[in-house]
Every structure is written in C-alpha cells, then in structure tokens.
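Each of the two complexes below includes subunit A, the first together with subunit B, the second together with subunit C.
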Partner chain A sequence: MEKIKVKLCAGTMCYVMGGAQLMEINDLLSDEEKSFVEISLSPCLQRCNGEERPPFAEINGKPLQGVNKETLLQIIKEEIKNAVR
Partner chain B sequence: MDEVFIEVDCYQKNKAGNLVCGDSFMSQKLQDEGRIISVLSDGLGSGIKASVLSTMTVTMAMNYVAMNESILQTAMSIINTLPQDMVRKISYSTFCIFDIDCFGNTKVIEYETPPVCLFRDGKLIDIPKEKIAVERTDLENTFLWVSEFKLEKEDRLVCYSDGVSQSGMGSSSMPFGWDEGVKTYLTALLEEQPDISAKEMAHKIVLRAERNDNYRLLDDTSCCVVYRRTPRNLLVCTGPPYDEQKDRYLAEKVRDFQGKRILCGGTTASIISRELRRPLTVSLEITDKELPPLSYMEGIDLVTEGILTLSKVERLLAEGVPERSHGPANDMVTLLQNSDKITFVVGTRINVAHQDPNLPVELEIRRNVVKKIKDLLETKYLKDVEIIYL
Partner chain C sequence: MLYDNFAMLTKRELLIRIVKLLKEDELITKLKYLPVEMRPRNKRPVRCCVHKDRYILKHKIISILGFEITDEEIDLIHLSDFARMAMANKNMKENILSVVHEACSACIQSQYAVTNLCRGCEGRPCVMNCPKNAISFIGGKANISSVDCVSCGLCQKVCPYHAIVFTPVPCEDVCPVKAITKDAEGVEHIDKTKCIYCGKCMQACPYGAIMERSKIIDIHKSLSNPKKKVIAIPAPAIFGQFNATPGQVLAAIKQIGFDDVVEVALGAETTAANEAKELEEKMQEGQPFMTTSCCPAYTGWVEKHAPMLKPFVSETRSPMVYAARYAKEKYPDAEVVFIGPCLAKRHEADSVPEVDYVMSFEELGAFMVAYNIDVDNCSEKELNRDVTKYGRGFAQAGGVQAAVVHAIGDKYTNEHIEGLDKKNQALLKSMAKKPVAQFVEVMACDGGCINGPCSLAPLTLAKRQIKKVLE
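Here is the complex of A and B:
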C-alpha cells in the first residue's frame, strides 16, 4: 500500500501561525500509524498572500488550511481508515 | 578585485573563577583610510580593577594612534591617566598596538608585553625594534619597543598577554612557563595547518595555555592574531527580487560566485532551485526550537529560512553565541565569522502578509535587519561587507 503523503509548509508565515507546532505531528502518531504515513516539509507553498488561513499543509495532494496538530491528526486517521478499507 | 585581506581576531579567557577579564582588546578599521588599529592591554592584577585599567588603556591608545599622536606622548598620557592601585602604589598596564594600512605597512608598539611574533613562510622572523625609554615616577626601566615593517601576504603577526607566555610556569614540564614553547608550538602548528585562520590560531593558543595550567588559568589570557591573507568570500542571498524578471540574474549570480553561498529564505531558495534546476529538500530535523529547519541544495553551503533566522543572526552577532547552542542561525554566524568579504544580495519584494498586525510575533523588514548585520560585521568583526539590492 502506498504511504499517505503529508506535506507541511515550512515557510515563515506558516511557522509563526502554528506551523512550528504542526511539525510535532509525528509525536502524536502511534507506531502503527507512522508506518502508513510519510511526512515531509516544503518550502513556502505561496498560499499566504490570499484569502486562506495559515498554516498550510497537503495530504496526498489535497490542500489543507488553518489546521493544528489535533485536527491534522484526525484528518490523517481518517485517511488511514479510507486507505485500508 | 582585491586579492588581500587583513584578518584580525582575538580570543580571551578569564583567570579561573573570575567573572571579568583583566585584559582588554579593541580593534577598529578606519574605513576612509583603509587602516586597521588593534590594541591589546593587560591591566595590573586581575578582575574588575585590572579590567578598568586595561579598558582605559585600549581606548586611549586607539584614539591617540588614530589621530597620529606621537608614541611617547600616547604612552605618557596613558601612564599619567591610569588610577593608582592602592596596594601596589603604581598605575600599571601593558599594551601592544598594531597599526596596519591597506598596503600592509605595519607599525607595532609594545609596552611591557611579551614580544610579538612575526611568522613568514612558517618561520619566526626577527623584527628590528627601536627602544625608547619611558620616564615614570613610580617604576624604573620601562621601555617602548617600536618597529615598522611591511606585512607581506600570508604573514601572521601574533601578540598575547602574559597569561599565555607564563602559562604552565612552575610545572615540571615547563618550569619557566611557555615563553619559548609558544613559538615552537606555533611553528609546528603552521607546518600542520599552513592555511589556519587568525581566529582559529588565536583560539588554539589560548586553549593550549589553559591546558598548560591544568585547565585552570592562573591569569587572564588573551591572544590576538593578524593574518594578511587571500580573502574568503561569502555570498548571502535573501529575499525574492522585486522584479520577477531578475530571478534568472539572481540564480546566475549564485551559480557563478567564487566562494561560499548561503540562501536565506524559502522563497529565495525556491527561485534558485527552479532556475538552476537543482532539487530543494527541507530537513525534518529541528536543530533550534526557535527556528524553522534547514534545507539542502546541491552546491549551496547553507539554506535557511529568512527573516526569523536573520533576526536571530543579528542577535547572536551582537550578544555573542551562547556555548553549546546550535541551529540554522548558529550555522550562519559560523560561516559569516569564517569569511572575510561578504556580499549580501537582498531581494526587495516585500511580503505583505508578514506585516499583518495579527501575527503573534513581530517580523522585521528584511533590509533593515541585513543593514544591522552589516554594521555589526564591519565594526565588531572587521569584515568587508557589501549589500546589493535587487
């Protein structure tokens, strides 16, 4: 099964608006959940000058906005459930 | 392009247990004259009183020499101004002055210090000196030693306080201290590392002196090294160009630069990555909790985030780098300190989102921070710095 790709924006704006905490998402995943997921960081996704709310992330290419550790965790768990089904 | 640079660095450690260093060092580059004046002084005793004496000495010496005052006049003014030590009843400090112009013409003035060392082609060179007697009411037989010579490319000039030359004194291996030993040490060091920087050499001498004293320095210990060298060039690019059409130009500047390169900013790095077709990967490792992580790109020595990192670099340069700290800003400071000629290319496209008053932290304007960094690098570290705005 292909890993679920989670990309977090490491740009300045996202970093100060919650992105720093978001980078700790790995600590919230169980060992089993970690095996399903590949987390990477991206340079500024260039989405901060529009209407959307930082911090920005992507899960399997789907854009996310204004997420925090807990909401992202739920999204990841949901995605894992869908993948194994 | 200038092929020569005068690297000056001083490293100091306090006498074990003292909070304040009784030795003082000051170095200044007189920009319009292209002249560098460096002064090292050792105040009588150690601690605060010694620090006051040596601070007064370096400040006065610096000002008099910069104004081209006569050497004897300089020495007498210092001696007559210093406060008298209550116990010893003398007002005493040593000083060593280096006055070097842009062509390498050097004047050295020594007063009561261990003699300076001139190394050329890895060997210690004898310097002819003029001896000038100094008349003092409180002490007899003190002299100024004045020498003038040309500092050639690759020459190194070393001066140190007696914390270095007297280290190890009384021990079985070096009962008379390290007076001759330090010269042997330096000759061997230069053979091993002929390209060693002034900064590293000054560090090594002081740390070795500390080792001679069994890791508890018996006196304040300072060493200043001047190295006339080929400059180490560094390019720091930060910020996207105001005009997108200049992106290509910026990338080519990075590609063709002769020296080390730093990219400071994710957007900046993305532009270079795109134009030069080199992949950019962001590290997952957080090496400093206060800053976003580093990135990697082939051919680039350091890729960091932009404004947060630059602000921390300014702080580290101004306040000093705390021991055992690390991270992207530390890495950048190390590269800056180990370079001689630094070129900043600052993109002036402003990120409006950064100025949103709702942000939890205040983000400075990039060009202001870079300007402050330039000032610090020039005045405190004697670097040659240029800023180009794009």
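Here is the complex of A and C:
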C-alpha cells in the first residue's frame, strides 16, 4: 500500500502563525499509524497571501488550511481508515 | 495560555501587518485600515460586536507603536496621527508591560463556586469536610460563603458530582509575585514596584489584554536608514526557535537588513569564564553559596522580593551585556539590537547603555514574514569559531551550570532551579540560611530561555532543535 503523503509547510509565515506545533505531529501517531504515513516538510507552499488561514499542509495532494496538531491527527487517521478499506 | 490560541495569533498578525506597512512606507497612509481589514463586518465578532473588536485592535496597535495606552485621550486621536507621531519619534512609552483596559475582561475574582450541577445530595461531603464551615444549604443547593472560604479546594475534591469549580483569573493565578490586581471595576493593573517582568501574565491572558513595549518602529527606521549601522545580537535561545541550521538562522536575521549579527553566546563565553572566577573567589572568602545573575526576571525578583539573597547573587554581567560591548567595540558608531525570548531583558536593557533596542523572537518572526525570508531557504552564514557549545548551551536550563562547571571543574556542588513558582521561591529564600548547593543556576522560565514568554517554538520542539545544535 502506498504511504499517505503528508506535507507540512515549513515557511516562516506558517511557522510563526501556529505551524511550529505541527512539527511534532509525529509524536501523536502510534507506531502502526507511523508505518502508513510519510511526513515531509515543504518550502513555503505560497498560499499565505490569499484569503486562506495558515498554517497550511497537504495530505495526498489535498490542500488543508488552519490546521492544528489535533485536527491534522484526525484527518490523518481518517485517511488511513479510507486507504486500508 | 500555554497552548496556541487566537489571542497570540492576533498579536502576531498585528506585528506582521505593521512591519509590512513599514516596509512599504505606508504606515501613515494605511494604518487606519488595519482594524477594519482584520475584523470585517461579515465575520462573526469575538467580543460583543465588531466595533468593540476594532476598538480593542486600535488600542493594541497603539501599544505596539510605542505609546502609553492608559489615558482616555487616546480615543480622541486618529490611528493615522499615531502613525505620524510614531514615525516622528514621539513615542516614548515607559511601561514595559501594560494592561489594555478595553481588552481586559475583568474576570470575576478567583474563587471556589458551586455550579448548578449540585444535586443537594444527602451526603453533603462539602459541608462536612469544609475546615472553615463556609458552606451552607440555600434553596436545596450548596452555597459557599466568600467571606469564610479560604480556597483550600477540599469541597471540590469531595463533591461526587464534580459540581464545584474553581473560577480562575488567569493572569493573577500565574503571577509569582502578586503584582497584578484588580481595581474597583475589576480591571487588572500591574504594580511596577512588584512586577519582575517574567511575562507569565502576558502569556496567560486569554484575551491578549496584556501588551509589551515594542520598539519595532524605531528598529525599522534604523534598519532603513542607509547612514545607520545596526548590529543584531540574538540570544542563544534563537537556535531552538527554527527548523534550520545555526548558519541559516543567522543569515536569515542578517537578511532583514542588519549590518552584522553577533551571537550573544559569544558574550556567554565571557559570562561563564567570569562567573567561574567569581565563584572560586567567593568560595575562598568563605561565602556559603553563589547564584547566577544572567536571568533578569530572577534578579528582579531578588531586588523586589528577596533582598536577603542579594549578597549571594553573582556580580558577573549577563551574556547580553558582554556581547553588546563586543559589538560596540567592533562597530563604534553602530546601534545594537538584542533579539531574545525574554520580556525582562527589556527592563535590563534600559540600564545597559550598550544595548539600543530589544526585539522579541515574535517580532523577529514578524520581520521575517514581512520580508519574505524563509529561514530554511537561506544560505549558511559562517559561525564565529570563538563560540562553543557551552556558550550556546545557555539557551536552556542547566546550560549556565554546565558551562561554569566546565570552566572550573567539579570542585563545588552545583544545582539549577527552573521556574519561580511558590515552591521554588520558598526554596530560594531558605537558601540564605541553608543553601542546597555552592553554585546555583536560577532561571525564571521552566526549561530555561527557550521557553521564554516571547518564544516561537513550543518547549519540546525547541529542546530538540537545540540538542541538534549542541551536538
């Protein structure tokens, strides 16, 4: 099964506006969940100048906005459930 | 609040927007739009109405611009005029910390209170166990007499329905020295004679009602003045803040427009050496113990609340002082800007002539965002070879201890204390008679400077990032 790709924006805007805590999302995943997911940092996703709210992330290409550690965790868990089905 | 919250984000958004306006030289023309842009009519208001939201933003903006916000006359002055005055250097705010009257929610007094979850049970363990007989039954429900209650919390513990709550006043509850109290209307005020500028109230307020004195207008003016040389001296804690190498972080700071960047860790090397020498001397003279002096919130606490400890505090200056002196010697006509996670440094710097301005890590982040600088995209700036991992280690609790022990060897017993909660304050005061060790490092912030009130990264992340740097 292909790993679920989670991209976190590591741009300074996202980092300053709440993105710093996202860097620790790995700690919230169980060992099993970790095996399904590949978390990477991306340079600025360039979405900060529009109407959307930082911090930004992507899961398998799907754009996410205004995420925090907990909401991102739920999204990842949901995605794992869907993929395993 | 220790968790990320919208009040914190509003403060950062304000800083970013103001620096962006400064960058485009549009502060005077466009500042007035900020409250309207940030709180448009079609978005749900946070407080009672959009007008209150905008009013509070106006007050916060005025505070960031560097003006006192306690006078009612500020309501008669337009934001554009404040911008004009700020650009003309007419902003001489004295108070390092002030409460935005309009934003303060005047939370009701901390107390134990019975909620309507109370079922008026037969057992009534609340009444039976209250040591002060402060609970009676009125209308079938428990009632706590505020006159008799001593806030011991026993009733809350014993209630089988969890019907008793403690209503906190976040700023008052977190202040280690009772410096913030209510006036007749319930609005909080900070007593300058007691405040040690630890910044805990500022972090704790869920309304972001407590603002610090900002010098970003002055700093930006100096940076954009081609005739002025400006040197940045970032605190060792800087390397815990970003997901990048030290060389990249220093390069990113330089890119904002500073003429050079000198690590305060360089000054820390001097502090460690001098402190080690001083420790040796004091031990030879027969003094029972010595504490560090580099944490200004701690030294402020000794000054105002624990004068019996004064003779035991080291006289060595902090790393900021030595680094600033080095910068002034190397660049005699330059202005020196200290960049750190610390609020109390603003107070210390007021009496250090070699430091011209203090900038917080949050303000630094705002500059980086406004100038489109991505730290992990920067090419490495060369590091000063005279700075070792011991100087950089000052960033976290135990760092000063490690550096001094490295300089002097394990000759004397040493300890470090983090956080100025009630327990540690009592412990420190008792050391005047019975020290816990011969050398004690004291940090007002748990985890040390990387967890300062103006830091960007959460403590666990900062610890990891610092570990990578100190390897």
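We take it that the second predicted complex is superposed on the first by the 85 of 85 C-alpha atoms of A that agree within 3 Å, B and C clash if a C-alpha of one lies under 4 Å from a C-alpha of the other, contacts with A are read in each partner's own complex, and residues count from 1 in each chain.
As a convention for this text, a residue touches a chain if its C-beta (ideal position, glycine included) is under 8 Å from a C-beta of that chain, and two chains touch if they have at least 3 such contacts.
Everything numeric here is computed off the predicted structure, so don't read it as measured data.
A.B. asks: Does subunit B (first) or subunit C (second) touch A:G61, or do both, or does neither?
C.D. replies: neither
A.B. asks: Quick check on the superposed pair: does A:Q21 touch subunit B, subunit C, both, or neither? Answer first, second, both or neither.
C.D. replies: second
A.B. asks: Output check: A:I39 vs subunit B and subunit C. Expected answer is one of first, second, both, neither. What do you get?
C.D. replies: A:I39: touches subunit B, not subunit C.
A.B. asks: Counting only touches as set out at the top, which of subunit B and subunit C does A:A10 meet: first, second, both, neither?
C.D. replies: both
A.B. asks: Can you pull the subunit A residues that subunit B and subunit C both touch?
C.D. replies: Of subunit A, residues 10-13, 15-17, 20, 23, 41, 43-44 contact subunit B in one complex and subunit C in the other.
A.B. asks: Once bound in the complex, which stretches of subunit B touch subunit A?
C.D. replies: On the subunit B side, the touching residues are 265-267, 269-270, 280, 282-284, 286, 292-293, 295, 305-308, 351-354, 359-361, 363.
A.B. asks: Would you mind writing out the residues of subunit C in touch with subunit A in their complex?
C.D. replies: 4, 9, 12-13, 16, 242-243, 362, 365-366, 368-369, 373-377, 456-458, 460-461
A.B. asks: What residues on subunit A touch subunit B, complex-wise?
C.D. replies: It comes out as residues 10-13, 15-17, 19-20, 23, 39-44, 46, 48-49.
A.B. asks: Could you pull out which subunit A residues touch subunit C in their complex?
C.D. replies: 10-13, 15-18, 20-21, 23-24, 27, 41, 43-44, 68
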